[in-house]
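So, here's a batch of structures to check.
Both complexes shown next keep chain A, but they swap its partner, so chain B is in the first and chain C is in the second.
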Partner chain A sequence: MSATTQTQAATPSPVLTFLKQPLVVALILIAALLLLGEALSPGFASGQQILRLLIVAALLGIVAAGQNLVILGGREGIDLSVGGVVSLSAIIGGNLMNGTDAGILPAILGCIAAGAVIGLFNGLGVTLLRIPPLVMTLGMLGVLQGLLVVIRNGIPSGRAAPGLSQFVTQPFLLGLPGIIWLWVAIGLLLAFMLGRTVFGHRIYAIGSNEQAAFMAGVPVKRTRIALFMLSGAFAAVAGMCLIGYSGSSFANVGEQYMLPSIIAVVFGGTPLSGGKGGYTGTMAGAVLLVVLQSILTTVHIDESGRQMVFGATLLILMLFYGRGRAMRA
Partner chain B sequence: MTTATLPTPKPGGLKRLIERYPFLPALLIALVLLGLNGLYQPRSVSFIGITGLVKTYLALIMLAIAQTYVVYAGDIDLSVGAIVSLVNVVIVVMMEKMGGSGFSVVAALGMGLLVGLACGIVNGIVVAALRLQAIVATFATSIFFTGLALYVMPVAGTPAPATFWRTYGGRFFEIPFVFYAAVVLAIVIYVLARTRLATQLLAVGDDAQAAFQSGLPVTKIRIQGYALCGLFAALAAFCITGDTASGDPLVGGKMTLFSVAAVVLGGSALSGGFGTVVGSIVGALIIGLINSLVFFVGTPSEWQNLVQGLAILVALMAGILVGRRARA
Partner chain C sequence: MSKLIMRGVSKAYGATLALRRGDLTVEGGEVHVLIGSNGSGKSTLCKVLAGSVRPDSGEILIDGKAVTITGPHAARTSGIGIFYQELSLAGHRTVAENICLPDMPGGIFVDRAALESRAQRYIALFDTVSGEGFSAEAVVENLRADQRQLVEIMKALATEAPITIFDEPTSALDRAQVDRFFEILRDLKVEGRSIIFISHRMDEIFAIGDRVTVIRDGETVGTEKIADTNPGAVIRLMVGGQDELAPGASAPPATAAARNGAVLTIANFSGKGFANVGFEVAKGEILGFGGLHGQGQSAVLRAIFGANPSSGGTLALSGSAFAPSDPRAAIRRGLAYVSGDRSRDGVISGRPILENVTPIHYLRQKLFLARPSALAERVKPALEALHTKFAGLSHPINSLSGGNQQKIVIARWLIDRPDVLLLDDPTKGIDLSAKADLFSLIRKLAAEGMGIVLYSSEDAELLNNADRILVFNGGKVRRELTGADRTRYNLYQAAYEAA
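Moving on to the complex of A and B:
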């Protein structure tokens, strides 16, 4: 295994290989965008501003963590329900906390449990009933949106506990807010899990060749169900942090995370076909996406122009990443 | 109900039937839903009731058809809703600028078709020629199209001229206009299903490599699929405009995922190579029938969305399971 990867890496020029790594591409693009932002409006790349960007990126990045795992697991893995889970978690968390610090722990546990249960249903539908993930999670999104209406009409949307808001927005350790530390911890945890644990290797195994993985004794279904549960749980954590960031939840706050979480994964170098990639790149992808959006809000153009530039830029950036293979006879 | 008597007694008859007509499970679900609708609200299965249903969901039907041609080739288009919005504002602004006469309506509709076609070709180039992943690439183009729609009409509310929506909602010789539209649509679909393009799209979706090796211009075919999708999205926009009688730069956004759901409900495989346009039409009607049934049953208003969501999820799963059992 290791011998083949070494020989493969040795053939092309090492500099070029290094520059072609998705993580490096993303980091270079982030640096370029920050410089551009600073040139367009001085103060864009100031420490305070970068910190704010990182908080927003952490919210997206945590959603993208679960999305990334599901996509890595292959078989057209994708989770369209994450946006619904984020919204649901924000409202459940807000009500369990209701503005008191004592409610933080039950809120966190309740949200993660809710997210994991939703993920469990997704996973069961995808594995046992063999519903394509896109269809299963799309249907689940519809259910969650309906559930949100029911909850919202029945009870007020709740408030974030001061402790949680502080954790998300105020410096916690070494001048960085707690959410950034949380994000770094998730990043380290996933890097360890994907690189060093049996579970991580099983994810790559089922993602690259499910049949072979099954023959080799990998519990394919259980692994895939776990991936969807993790996706729900990560989206729930993001929803909790989101309500800490905004103070209270409002209708469908999570919808804005559905497709951007997938784009962050793609910008991080994990192709939608699964089986290769990792979370470190996705973190850079999330930062890249947020920096890009932020530049567009600082520049004084209409909403219409902003959207056109954003859409076009996304397309151009996608060209930097893995394009499909050309047809060959 | 009628399908139960159709299969021949020989083994695998039902299987072969569903293989030939993949939309049969969907049709069965639709008929059951129609029956239930009639049970709770007898008037809903009357001529007026059905006309109302078709009129309300004609836009979704068009959009489901649009999505089908892309899904045939194994692609997906998440920008269809944005194309609907863009065409909607373009035709409304153009009709208004030209004074709302009959000629302006025709000119605006022609323009709308061109805009839809252009959007479709852009999607096709991005996905098939530049080889970007369809889900993320068409999401990016949808942001771009939405930006364009906001540029054409920053705020919703410009009314469409009366000539347009009176025609759409009106009757000719005592028959509602939408029925003529449905007949024309049926003919167009019948003809399209017999063109080489439909077969080629299915061939590409079944096995792109094999299609390429047998000499098919795969890239060109996929672009044509997206172009066709753009055209039908423009037709969906015409229906929406006739229904709402105004322009709204965000009107189509919510329809995208429903169009995908309708295609799946209709028995087409998202992986491509297998499906029917008729199925997608039935799928769109299933969504409409579920929505009206939930209303007729008397579900409390705050529960309606949840019940609809659950019913659609169950229908999606049932359709896939039945379809697979038949094909396995």
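Moving on to the complex of A and C:
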């Protein structure tokens, strides 16, 4: 008892505290990785290349926004279906647009609606049927993968509207493409929502102590369902942007987002147990992962190798956070 | 030579002295009753004997030899068996497996035949009263509550320990089952076994006990032969010379209900753990719930608030009907509830103090935005009303002491005042000055017209603060104490009355 009090009393230096913040750690790592990339392959950290990395990071970051919210809500919250939603959204969006700018608005609305409905099912399963989120969203992922096969019949279909492609890839404002601005807007919106709205405070409350939140009149189930719906909607937006980035959709294009979206959240300082953290760190986490992925590509590590590195990264992070929790207790 | 002697046993939890000087002498072949009010230290004394708590000082002699009980296993080898509350059963296993659980026959592999035959000995003891569906192969979780309690008793009997502790073993049993159990206990006495018996039913204590030891405020105050005493004398021993009412305790506003009208009216209210509870709370009144732990007080309060389901009854708030559904609905109707288990029901751990005070305000005012500066203006007076000490509203609530954390949790009800405040043992585990702050606030809130229901497991708190006390026993209101009747003696007598 007295020993713990003493260690708490001994405040670490402010510099060390600053350096230990997940956001700062991520930013330092990003800078280091960029330098490493530049050393391995000159031109890696050129302006054009960094811009391309940021676009890819924005795609991942938008998926991770929803993942982040679900994880913040606690009770083992996780959304494994995001990859399926990204793929489905890319197909729906591609077909609704079919290469015409007139189709952009219906495509956006259609995709977000589809994502939100999938999230609604996830949320209902988790709250009303009390299915663990891991199982519920994994099941949903299976359903979506099957659905994709049925819809496409194995043939790629749908094309991005020129306007959308331009929004994602061409400079829009201050030399940055629209998707970067969209991502920044989402970042500001979530920071405001989590910090300055009642809904945001309710997310933290149910994530920290669900029973206490319930006793204080927080609509626990409704809030949690909303989180899964938001996750579906964000994944759908990312799917739309993805088809704008690549022009057309190909098989299971969204699959690559499931694991990285979780790693970005954890890297950004939101523990998988929920109740604390936020989106700013997750944004840095997304950039970090994309830079890491790019370096792995530069040194000719193929997709399977990259997956292994990502999996190992998540496990190492868990080890790190697990130890942190034990020390706090 | 006495079978068991415990001398000068003490135990402190942090700064709280749970047991000051526990003495207990149990002879072979007797049923020895242990009795004491809430928090008197009788459970601690039992836990020391069962090996789940290590005493700070004192000595234990069994058959005249000093023993050190280092843990539950050491207790078993010293010849002490214990009846646990229902929680100790393995729900998915059979009756036979549960009975033999403390020491399974066979080596690595369980000898099923030996297990069944051993279990059957104890099952047979209760053959006539165990009811339908009770057998060695029955799965415990499919049994009724009384049958599960019989399994607990059989499990305790199966230890064949020379000294067996039964802590409230009859709470779920019917008359015939209790009678059979007592016959079995008398047979054990004849065999020379010692039984330590804890019960809150005075009639049972006098039916089965040979001697009774009374514990008060962590100290053994006396041991009497049951044949030479009576319930009144035992209760007087429990009460001791303690003040009936603290000086300065307010005179009860006996006609409060008539003068102000009821803010909360409840009739025939039933649910899990309580039945047919009915009462009124007047504007400005502090209604106390008393009695021993877990007699339905907390269950009633949680059910009113909608946190636990209820099965029937009528409720009205200031005359208009109210059906409890969930806390959210209750809060909107002007109810408030403070739990004594703050880490479970109250504290939003790891979050800033501000976010811990505001949830009720958000709900009552249907807010969408949470503007820190505007909220701080609302929150600060609420915290000051309780003299809460905190460094800043953005600091995590976990940085505060237990008493201050509970103040934060209570403060959330003070921004938008409720009509009725339900306090469910709100001072559990908080320091004296926090308690004093809390009670002076409660008095003030009542004076301003709030209706307050206070359940406290500390009898002194009730006697000093409640205008009226309903004494619970076995899920029912046994007695109402008003005016000069609000004495410790009456409280204990009603608490130990036959259920």
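Heads up, the rule we're going with is that the second predicted complex is superposed on the first by the 285 of 329 C-alpha atoms of A that agree within 3 Å, B and C clash if a C-alpha of one lies under 4 Å from a C-alpha of the other, contacts with A are read in each partner's own complex, and residues count from 1 in each chain.
As a convention for this text, a residue touches a chain if its C-beta (ideal position, glycine included) is under 8 Å from a C-beta of that chain, and two chains touch if they have at least 3 such contacts.
Because the structure is predicted, anything quoted here is derived from the model rather than measured.
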Is A:Glu303 touching anything from chain B or chain C once the two structures are fitted on A? First, second, both or neither.
first
In the overlay, answer first, second, both or neither for which of chain B and chain C A:Leu314 touches.
first
Contacts for A:Val198 in the overlay, against chain B (first) and chain C (second): which applies, first, second, both or neither?
second
Per-residue contact with chain A, leading partner among chain C and chain B
B
Which holds for A:Gln211: it touches chain B only (first), chain C only (second), both, or neither?
second
With the two complexes superposed on chain A, say which partner A:Met140 touches: chain B (first), chain C (second), both, or neither.
first
For chain A, which residues lie in the overlap of the chain B contacts and the chain C contacts?
none
Name, in rising order, each residue of chain B that touches chain A in their complex.
76, 78, 126, 130-133, 135-137, 139-151, 154, 208-209, 212-213, 218-219, 257, 260-261, 264, 270-271, 302-310, 312-313, 316-317, 320-321, 324
Which positions of chain A touch chain B when the two form their complex?
76, 78, 80, 125, 129-132, 134-136, 138-147, 149-150, 152-154, 259, 262-263, 266, 271-272, 302-312, 314-315, 318-319, 323-329
Chain C contacts chain A in the complex at 305, 307, 326-328, 331-332, 337, 339, 344-351, 355, 358-360, 362-363, 367-372, 412
Parts of chain A lying in touch with chain C, wherever the complex brings them together
195-202, 204-205, 208-209, 211-219, 275-276
